[in-house]
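Structures incoming, each one as structure tokens.
One chain, chain A, links the two complexes that follow: it is found with chain B in the first and with chain C in the second.
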Partner chain A sequence: MTRPANPAAANFLGGAKSRLLPSSIPFRFFGGAVFFHLAFWCGVVWAAAEIPNFVIGPGRVLAVLHLLTLGVFAATAFGAAFQLLPVATKQPLRAEWPARLVAWLLFPGVALFAAGIAETLHVPAAIGGILSAAGVMLAGALLADNLARARGMASVVAHGWAAVASLFALAVLGFLLVVDQHHGLFASRNGIGATHAILAVYGFMGMLALGFSYVLVPMFGLAPAPPARAALASCALAVAGLVLGAGGALLGEPAVLAAAAAAGLGAVALHLRLMAGAMKARMRKRLGPSFLLVRIAWACLPASLILGALMALDLWPWRAPALFGAVVLLGWLLTFVLGMLQRIVPFLASMHASGPGRAPPLVSNLTAEGPLAIHRYCHFAAVAGLMAGIAGDWPIVIQVSGAIGAAGAAAFVWFFVGALVRMRNAAR
Partner chain B sequence: MLAILRLLEQPDCGPSVIVHHEREPVFLYPELAERGWRHEIVDGDAGEVRLRLTRSA
Partner chain C sequence: MSDLVDRARDALKSVVDPEAGLNIVDLGLVYDVAVENGRLVALITFTTEACPVGPRLAAEAERALAAVAGPAPVEIRVTFDPPWTPERITPDGRALLGR
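And now, the complex of A and B:
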């Protein structure tokens, strides 16, 4: 066989058998994420009246937010990381049971925690917080152990370390915030809460999203991996932005927060340039509608940083926290996660359905386009409607948007369950 | 994987290709199936995975 044109990309895409986990591990996390996605939009309907003027603090909106961040984002991140990181690092997980335990801790923990903080019930919130934090910390330890043994893809590994460090820090801060709610540890919770949010969104999820993009975008587009040196430079800028952001939020220094946003913008500009290069060089010309979501998410990422800087400098005081949250959480992260999930799920299902003497089912046959189209239209309508509802302080618009989002999330459940059923049928 | 797929898309590519790989390239299989190619693992040297790719009839 000819020598691969790009060894890094070919190595990632090529070798995986000993590191391919049983399908039940990634799919249990993706299944949980799909369920909590539906719960999130139902929660938007339920908390609609409180959303436009939300500032960090316990109540329904914070509960709904954690259905999204822990239930959807963290679950998807863990499922993808447990499956993809061992392939990137060329090191298998030491054992499979801790990954399963993460799900057992995380999902009940998120449900209990959300219920507790929604109704200001300290005991359920504390138990749920402890369970969630234990799941998150265990996942972080598994990822750190794998990263420490890494033998490949330096850019993915560097982003992974930044994500894991953020994960530990945000888990500790989150736990302290839960304790503070009952025992009053801090004179002001705002700085701690903002730091926790920055580390969660841009630190843990953001660094994983950027890092795995160097794997997923070339894999789905059939393109060479972007140059590692440029990806590492983007990572270094992003880490600088994270450190400045966390420090600026803790100290309440607007200028430091603006500097953090500037560093973040530099990192994102470089990252998007690398992504554009991979897209231009791709072999697969038709990427499908999933990449429409990815492209919109990419546009929302720098927009969120600009809005964040304006908010920090008090140049955009008008419902700033809620609108900023909608852009960063829904416009960027949720849109990105759902765009990638609709490619990852059938791709993994096809791999897991293949076996000796049995050709894998076609990815296209495992992808139910109808439900995905329903989801896509509902998602865009719901996110746009939610932003309009926040901007105008119209709870009824937010409620209708939440209902549309829930309909889209139900269609996504349909797609997910359909892929699993077809995978099992094909594997028989 | 990209090199293999590029080779298979060449107009002068024959109906059968032998691939020598460091590990079993499981991520390649869905792409082969989409392009109408089948794969089977055949005996190879130590430390390699050898695949025979065959264009489906």
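And now, the complex of A and C:
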């Protein structure tokens, strides 16, 4: 028998028996995300009248948006990245306490910021903004340090770097927007705000979603990993799109924004082709309902770019910002994040329930299908209803959709708590 | 010696990937089992280099080998060369996956 040709593979085991962080680290982020998911939908009910015509600026809608972007998306991303990235890079986090500190900064920060920006209360908005920015920057530093020491998985690392660079940039812009609110730094905030949004959605979250998909989709489907070269090509196109998008937004150039969308569509087309290849080659026939969410998210991603390009070129001005927001944040990102989270949570719980001489319980035994089904139906109804309410400028429809979304989010809480309880029982 | 290797392969069937629901032999993660210089060695891989459960599977595989090796030392070697592909799943494994 030959010795492994790749010494990194041997060191994978030799360095540490387990690459698992203590369960409290990823689960605190996932738990926070699940809570803020519920808060977001309640916020939709509360801000319903202002949603259809929202473009930019402080108020209820911006507050509710940040419950979603920071409280749900960033929290999920940090929880997943702190656990998955060290395994992909074969380098452990330098220390665990910074990861814990990120949660302590982020969650109170999001709550304070949202409360402050909703009612234009300067002090809580500023304190919340500072805390959130500090948490985000610390998370970025942790991830950057891990990426800098990476060995292997070039496509995941490349996406990781693009995500982290976007994270630092959006955090700085976000902080400047908070300062501008009180001290008037900029003649016009629109370009800064649009750049902040592009980097948050397509930069940080988008690049992480694409990069980790190259690991998670084959893993869940028992499929071969997509070719790294093609994944890197998609990454390069996406980065080009991000640079064009940020530049176009800052300069207020519609043609540059449209070019950004085109580059983004190229990247997404390549990415989805690779995902389709993995799905076709998968050995696991039944992927479960979570992948219904993932597939719908995949369809909404290119749709969001097309809508964004039409909006930039003024070819679809009617309710465009709010509809675009709904498609990109809810149709794509939230649907994708929740689809993946309902696979990752029981998977991690299974690993933490095992121990010396105790095999891990099957993931299916830790997954409560009933609450997930309730969530799924409520999620689709809520997102569709919200889009219809925006299109028709019907606040009552938006309120009902928000209530349905909140019911689905409560079911998701039930699933999450159930997984934790089953993990604890299996570990005894 | 071949009896020990066979018993080792059977023992490795007790190691189950919790995500796939299959044991690592039927999943095709066990590339080779051999006795080298009196040491029972298994060469294994994971479905992906980024699999968080990989080290746990390797530790369980080590315990499974130790249970049949008697006084002989055991060793788990991990490789990603060649990388795992679904074609390595055994017919029994495919049947369980509905393929």
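Basically, the second predicted complex is superposed on the first by the 410 of 428 C-alpha atoms of A that agree within 3 Å, B and C clash if a C-alpha of one lies under 4 Å from a C-alpha of the other, contacts with A are read in each partner's own complex, and residues count from 1 in each chain.
One rule holds in what follows: a residue touches a chain if its C-beta (ideal position, glycine included) is under 8 Å from a C-beta of that chain, and two chains touch if they have at least 3 such contacts.
Treat the numbers as computed from the prediction; the structure is a model and nothing was measured.
Trainee: Give one of first, second, both or neither to describe whether A:S354 is in contact with chain B, with chain C, with both, or with none.
Mentor: A:S354 sits against chain B and chain C alike.
Trainee: Who does A:K280 touch here: chain B (first), chain C (second), both, or neither?
Mentor: It touches nothing on chain B or chain C.
Trainee: Of the two partners chain B and chain C, indicate the one touching more residues belonging to chain A.
Mentor: C
Trainee: Just checking: does A:L84 make contact with chain B only, chain C only, both, or neither of them? Give me first, second, both or neither.
Mentor: Second partner only, chain C.
Trainee: Could you tell me if A:G152 is touching chain B, chain C, both of them or neither one (first, second, both, neither)?
Mentor: second
Trainee: Is A:V215 in contact with chain B, with chain C, with both, or with neither (first, second, both, neither)?
Mentor: second
Trainee: After lining up the shared chain so the two structures overlap, which partner does A:R428 touch, if you call chain B first and chain C second: first, second, both or neither?
Mentor: In the superposition, A:R428 touches no partner, neither chain B nor chain C.
Trainee: Following superposition on chain A, which residues of chain A contact chain B and also contact chain C?
Mentor: Comparing the two interfaces on chain A, one with chain B and one with chain C, the shared residues are 1-6, 9-10, 13, 16-18, 20, 87, 219, 222-224, 283, 347, 350-351, 354, 356-357, 359-364.
Trainee: Which residues of chain B touch chain A in their complex?
Mentor: Interface residues on chain B, with respect to chain A: 1-7, 9, 17-31, 33-34, 38-41, 49.
Trainee: Considering only the defined contacts, which chain C positions touch chain A in the complex?
Mentor: On the chain C side, the touching residues are 14-16, 18-21, 27, 32, 34, 36, 41, 43, 47-56, 58-60, 63, 76-81, 83-86, 89, 94, 97-99.
Trainee: Considering only the defined contacts, which chain A positions touch chain C in the complex?
Mentor: Spelled out, the residues of chain A in touch with chain C are 1-6, 9-10, 12-13, 16-20, 83-84, 87-88, 90, 152-153, 156, 215, 218-220, 222-225, 281-286, 347-348, 350-351, 354, 356-357, 359-364.
Trainee: For chain A, which residues count as touching chain B in their complex?
Mentor: That would be residues 1-6, 9-11, 13-18, 20, 87, 219, 222-224, 283, 347, 350-351, 354, 356-357, 359-364 of chain A.
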